[in-house]
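Here the structure is laid out as structure tokens; the discussion comes afterwards.
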Amino acid sequence: MVEKKDSSNKESKGTELMKAAEQMEQICIALRRDFHTYPEAAWNEFRTTAKVAQRLRKMGMKVVLGKEVIQPDFAFGRPDEEELKRQQRRAIEQGAEPELVEEMEGYTGAMAVIDTGRKGPAVALRFDMDCVEVQETDHENHSPNRQGFASVNEGWMHACGHDGHTAMGLVLTEILWRHKDALQGRIKILFQPAEEGVRGARAMVERGLLDDVDVVLGIHIYGTEEPYPALAGTQTGLYATTKFDVTIHGRNAHAGGAPQEGHNALLAAVTAISAMNGFLQDGRGAERLNIGLIRGGSGRNVVPADCTFCGETRGSDTAVEQRLFDRMKACVEGACRMFECENRIVSVGAAPAGGGDEDLAARIVAAAQQQVEDMQWTEPIQVNTGTTDDFAYMMKQVQERGGKACYLALLSKLTEGLHGSGYDFDETCLIPGVKSLLAALSCVGIMGDQR
Amino acid sequence: MVEKKDSSNKESKGTELMKAAEQMEQICIALRRDFHTYPEAAWNEFRTTAKVAQRLRKMGMKVVLGKEVIQPDFAFGRPDEEELKRQQRRAIEQGAEPELVEEMEGYTGAMAVIDTGRKGPAVALRFDMDCVEVQETDHENHSPNRQGFASVNEGWMHACGHDGHTAMGLVLTEILWRHKDALQGRIKILFQPAEEGVRGARAMVERGLLDDVDVVLGIHIYGTEEPYPALAGTQTGLYATTKFDVTIHGRNAHAGGAPQEGHNALLAAVTAISAMNGFLQDGRGAERLNIGLIRGGSGRNVVPADCTFCGETRGSDTAVEQRLFDRMKACVEGACRMFECENRIVSVGAAPAGGGDEDLAARIVAAAQQQVEDMQWTEPIQVNTGTTDDFAYMMKQVQERGGKACYLALLSKLTEGLHGSGYDFDETCLIPGVKSLLAALSCVGIMGDQR
Amino acid sequence: MVEKKDSSNKESKGTELMKAAEQMEQICIALRRDFHTYPEAAWNEFRTTAKVAQRLRKMGMKVVLGKEVIQPDFAFGRPDEEELKRQQRRAIEQGAEPELVEEMEGYTGAMAVIDTGRKGPAVALRFDMDCVEVQETDHENHSPNRQGFASVNEGWMHACGHDGHTAMGLVLTEILWRHKDALQGRIKILFQPAEEGVRGARAMVERGLLDDVDVVLGIHIYGTEEPYPALAGTQTGLYATTKFDVTIHGRNAHAGGAPQEGHNALLAAVTAISAMNGFLQDGRGAERLNIGLIRGGSGRNVVPADCTFCGETRGSDTAVEQRLFDRMKACVEGACRMFECENRIVSVGAAPAGGGDEDLAARIVAAAQQQVEDMQWTEPIQVNTGTTDDFAYMMKQVQERGGKACYLALLSKLTEGLHGSGYDFDETCLIPGVKSLLAALSCVGIMGDQR
Amino acid sequence: MVEKKDSSNKESKGTELMKAAEQMEQICIALRRDFHTYPEAAWNEFRTTAKVAQRLRKMGMKVVLGKEVIQPDFAFGRPDEEELKRQQRRAIEQGAEPELVEEMEGYTGAMAVIDTGRKGPAVALRFDMDCVEVQETDHENHSPNRQGFASVNEGWMHACGHDGHTAMGLVLTEILWRHKDALQGRIKILFQPAEEGVRGARAMVERGLLDDVDVVLGIHIYGTEEPYPALAGTQTGLYATTKFDVTIHGRNAHAGGAPQEGHNALLAAVTAISAMNGFLQDGRGAERLNIGLIRGGSGRNVVPADCTFCGETRGSDTAVEQRLFDRMKACVEGACRMFECENRIVSVGAAPAGGGDEDLAARIVAAAQQQVEDMQWTEPIQVNTGTTDDFAYMMKQVQERGGKACYLALLSKLTEGLHGSGYDFDETCLIPGVKSLLAALSCVGIMGDQR
């Protein structure tokens, strides 16, 4: 798809964009800290979406948002309407423009499009925006505490680096927009909600946003022991996953007087959970099953009529994961047959197995090595076993239509592991991250003089 | 139903019959020892049936046997045809008349009828004939060893007293037949197969043998600490029960290479058995569930395609027992839903809950106290919790049609508990047992001059 | 112990006391409605205790309360200190005298003693004071709503009649106090906290309050279909019970990345609960086991480090119940052995099996039939299978020392079953209840002229 | 370790040995068919061992056998003494020399040593001898049936190619022995018992046979779709495994009368098996657990006092497998704690994870490509997931001491999969197999002129 003709002009253009990136470091850090101060959990990113849209529209860009980028039928696991209203009010109190919040129609997420009007590839870049449900540490050594940008939203924290992703996305978009006359093709910049729980990507894919895309790029900050940032060409081996909630409903009875009249939902759950561990072996790949939460019953002396549990299945291969999910369902159904209960199994999030294309990754790393100075390089990484990311949906959508995908891993020194309450990355990785994406764009044919 | 008019003649008649019984003690003991030597497990009583029929027909009595007294559709848990053929040959080798064995058409059991031709009640008496599957002790102190009548059929032993029951039945029938001119009404003497596993009684009931019966009587030898025999008027509180076999069939697979291709019958059984304990509470009565045998799998490294288990449910009330049996089935079905297996649940025996009529029992005990000299008396006994006996089917059939039932307990000093390999009763209890039955018959209107 | 000598004076005295009771009907109903308005759940009865103590001390009686009547080591399942403080403030706001609340030292319950100084038996009477955790109906037909005395304490309601018990206790105590010169022996009136959850009685027994008592009497309102109140002489067949909370603690781990590092507390709980159903059969008596509440886990993708469940065991016999409780504990310990978890099993309430003495009950009913006019009589009732009441502790304590016990059942027309949100009894039963207790006292030797 | 100096002489020597191999094809086939006719399951290889020893000793070789090559403490899962005696008699009836059988002292297996007396490497070659417990098909198309060498030992069959391995071993040993003057170093040829159930290799390793070995070589016949034999350089990715038998012992009780007196071994087994599935996830590698056989109980109405089950754990990594095995044991122990049972867990076979050295494999394939004409070549194969082989013990023992290992895969057209009742390989693969081993020996420094 991409062939070099004459690399001399590209070099100079690349250099120009790289310099623009360097000049925006303080802006990038300030943006990141602002998002860090106001973290928003999945589907609640009203302030973040509004801030992204406001900033880009001010530059004159076309930005669509909310229901225009999200297919509601696939927006799984959203809070109820009342809670969403409450979160919208909170977002406005925390600085979101009311008109923008209203424009979203209850759905978060945004997309900016830069159409050069010139022939060229369609490239999508994805940045995820949501935080995790973790209470940020109050330890005085924690940088957000020392420098005054710790989370003000109790129980929510950017402990997975998405604040940095969004900041990089905004800086990159601004640079591309300012230099759009030197580019060709079309660029879609997706600001995705609800990556946690693997929900937002599918809702954007189902909305059709990736249907006309030739190349999709993503980036995620991970840890390294080295003191300086590094780039790994791509991530492969992402696991497929389904997140599910199971509700079992039986019938109450007095446990002393008439236990035989009860339909014991708690025992049904116990039986189902116990049985489903019987399906964790598959010669085709690795599996994961976790029932992470359970709650049931109404009183010590009442045969429990209700029991709810939440879990997830994972698989190194989509078929392996789907078999496990199907067997999990059969276990719930079988247990309900035993205990005369009814059940409801809701899938609240899912992602396929997948990974980026290694050939594209190699080209990107080569380009970055040439263009980005302040960085180290590592082998393409195989993500840790069991890792899931719904960017796999976007990659699969593009790959199945003949396109290419790459999910860059930006390695930075972390203070604590992902999702830890004392998590923090080294902000000096942000501009190298932006520059890596510029380098990646340079080798997929976006730079004007490449074809 | 039964009223005394003039008891003077009865007394003399009673006395005559009592004396006849006393004179047959040696015959009774010899019969018992013969049956003890050749014990036959449930549905294999070809020799015992033949001996019973031969003896009674020799006296000129009408005896029907085999398929004429058993409804084949309800003859649960019979051995397969090949094994039955083998047992028939064994019976003939051990002295059964070949013509009689042939006449049975593969089914054991017999009924003699004494029809006085005179108006009067129809009374049935039941004697069970089968042994248990226990290897008799070879201890030298064991009376059958000392006196040379220990079992010659390996793995089979009369360790539940049915040899004594059958001997008492033959002696009683002979006495009644010899004195039939002094009696009125009709008497059916049932020699029942397959009480162990609670199977034979129902097959006789379904054949209609109890449909025209006003009073049904049974007797069973139990233990007492006293040195002399005693009579308890009746047994009540017999539990309902179902004996069942469960076969689960799944699909083999190599446990190392392709475990996901297996449908694990062993895990299905494990899950079902574990779950069915969740139904052992009922405010309406007591329950019992036992899975007594399990066997499954074909090789250490093969996902098991087959698993079989055998069990029983019991309940102090028939409805309680039936609910438990139904839930047990649902557990098997639910587990097979989970593990993609098929199942077959076969009921191989069953009995309802029940007991004799206490008013009739009181009358019988009063009559026995008056007529039987060499005996003690106890209160009507409530059988031990959990005891089952398919005589309950016969009692229920008669009681539901307005008749009366009594299940006498003949108490004798035992050397060891029922079903023990060193079990033996004191043979001096046999004639008092026969006399108790004669006393019982005297107060239900069989003796000629009572009405 | 008790022998009538001359009943003539007693009759007149009895009549006098009966009349006094009749004159206090409006007071009794007013007291009951006051308690109904301010219901207090187990161990929170600060207002009720204070009101009881205040009223009786005003008459000049000696009343001990709080820590003086409760042995703290056996006061299971109390709220934490903070909550207790909150409830004490609430009680004061709702009219409890602050000095009395302080005097209690955090423990509820009271005892009044009437010592006649004359030789005679020591009799204890027990009245329970706590409410249940039920939200009272807002239906307009519900009498407390119509007449303005519905609960003002959200989620709490007198739906088990203890408001009536406490009111009867106060009226009875007042009558006895006023007529103490005509009595002999000593009378202890126990106002017990925390009957729900079967906790208060043991704490009073362990405090030694029953150690010098010859006769203990209790009364409980139950339902009848008849329009007028009735008395059943005693309750027997109360089940033994233990209420318990189980906490299992393991180790968190990321369910996708390192599941092997987790010690799964939820699976330990599932395994324990599943296994403990394997102990529900006992030839010696009936059993009940219910796990009524479960809660576990911290996140969908986190191996659960914590799981808590609450349950109860019951048994028709104390030994049967204790075996089941022991096996339940062994199941928790065994499961924790499997899953490398720790556990804590806390018994938060318990009662033995038991019942009143039937001979005393017969005497009481005979006396009541003679002395109480506006009442019906029924046979001694066997309580429903599975019923528990910690009054059994008090009865057992007295019976084991050679004394007698009787637990009267006062039958009244109910609007709904016990613990129902629309439960109400017919207040016309209260004075007949008081009179029944007076009749009971008359036949245990308290009336002055009996000895 | 191994360096080529001058390959010209080696070529000629190699060629000479290769020719010798070709000339022995009919002998090799005859040997294989003899072993096929008399298959012997693990630890019963008395005839096979005797035939091997007899043949080699006749040539003048030193052969040690039985207890001299097996460390008895590690000879897991042997039949009991009585059965071993029976099998020794059977072996003698089938042609084993009695003196040799006696020399074995009850243990099977043999080792021949060729010590050239010249400096050089110590190389071990391993050939496994045992059959599997499968009944050979009686289908007329099955070559052993058509050509009259089907198994005469009922229920036993060479369905895993070990008859071919042993035949190759004998032919190879003979060739080496005849040409020993042209060789250097020492060669140990191990004829291993009990590879099925992964037991024999460890018992030989523990006997010290591999302690002085620099290179260990093995060979196994696998399937290929191609019509002609092929060689894969080595196998890697063998799973670690433990084979275990669990016996649980509780206490009998009458299930109807006194279930509480039973200690239910069957429910303990059910609980343990159910729980152990909770440990099938490990981020470090793949796991397998299979309970392949279960048997328990003594009668339908008896609380089961005994239950036995047989299973295996596997893991792609030894630590992963050991953790699973440890957790399996903890599950059994925890369940026995619950049900008051005792248990015995016996490891009846084990193998570590492992594989050959890829550099040595590459050299061997290169040598074979040069020296063996009638053969194809494939990439080194990664064995199917879940495959285990106790040759891993021998490889590990040598590798840990700094030596090298290679497990050649000889690919032949199969009629049916390994362990199938219609399994057969194409005998034309045997001599190419021998030649491959000669080629392998040529590049580890055994051929005289290499160093």
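We call the chains A, B, C and D, going by the order they appear; numbering starts again at 1 in every chain.
To be clear about the criterion, a residue touches a chain if its C-beta (ideal position, glycine included) is under 8 Å from a C-beta of that chain, and two chains touch if they have at least 3 such contacts.
These numbers were taken from a predicted model, which means no experiment stands behind them.
Chain centres were defined as the mean of their Cα atoms; on that basis the chain farthest from subunit A turns out to be B. Chain pair with the larger contact count among A-B and B-D is B-D, by C-beta pairs in contact.
If each chain is reduced to the centroid of its CA atoms, subunit B and subunit C end up 50 Å from each other.
If you average the Cα atoms of subunit B and of subunit D, the two centres end up 55 Å apart. Between subunit A and subunit B, the centres computed from C-alpha atoms are 71 Å apart. Residue positions of subunit D touching 2 or more other chains: 255-259, 267, 271, 274-275, 277-278, 281, 283, 288, 384-386. If touching chains are joined by edges, the resulting network of the protein chains shown connects every chain directly with every other. Across the complex, subunit C meets subunit B through its residues 274-275, 277-278, 280-281, 283, 286-289, 384-386.
Listed in rising order, the residues of subunit B touching subunit A in the complex are 255-261, 264, 267, 271, 274-276, 278-279, 281-284, 320, 323, 327, 330-331, 333-340. Those residues of subunit B whose C-beta lies close enough to touch subunit D in the complex are 133, 197, 239, 241, 243, 254-259, 266-267, 270-271, 273-274, 277, 288, 290-304, 307, 310-312, 314, 384-388.
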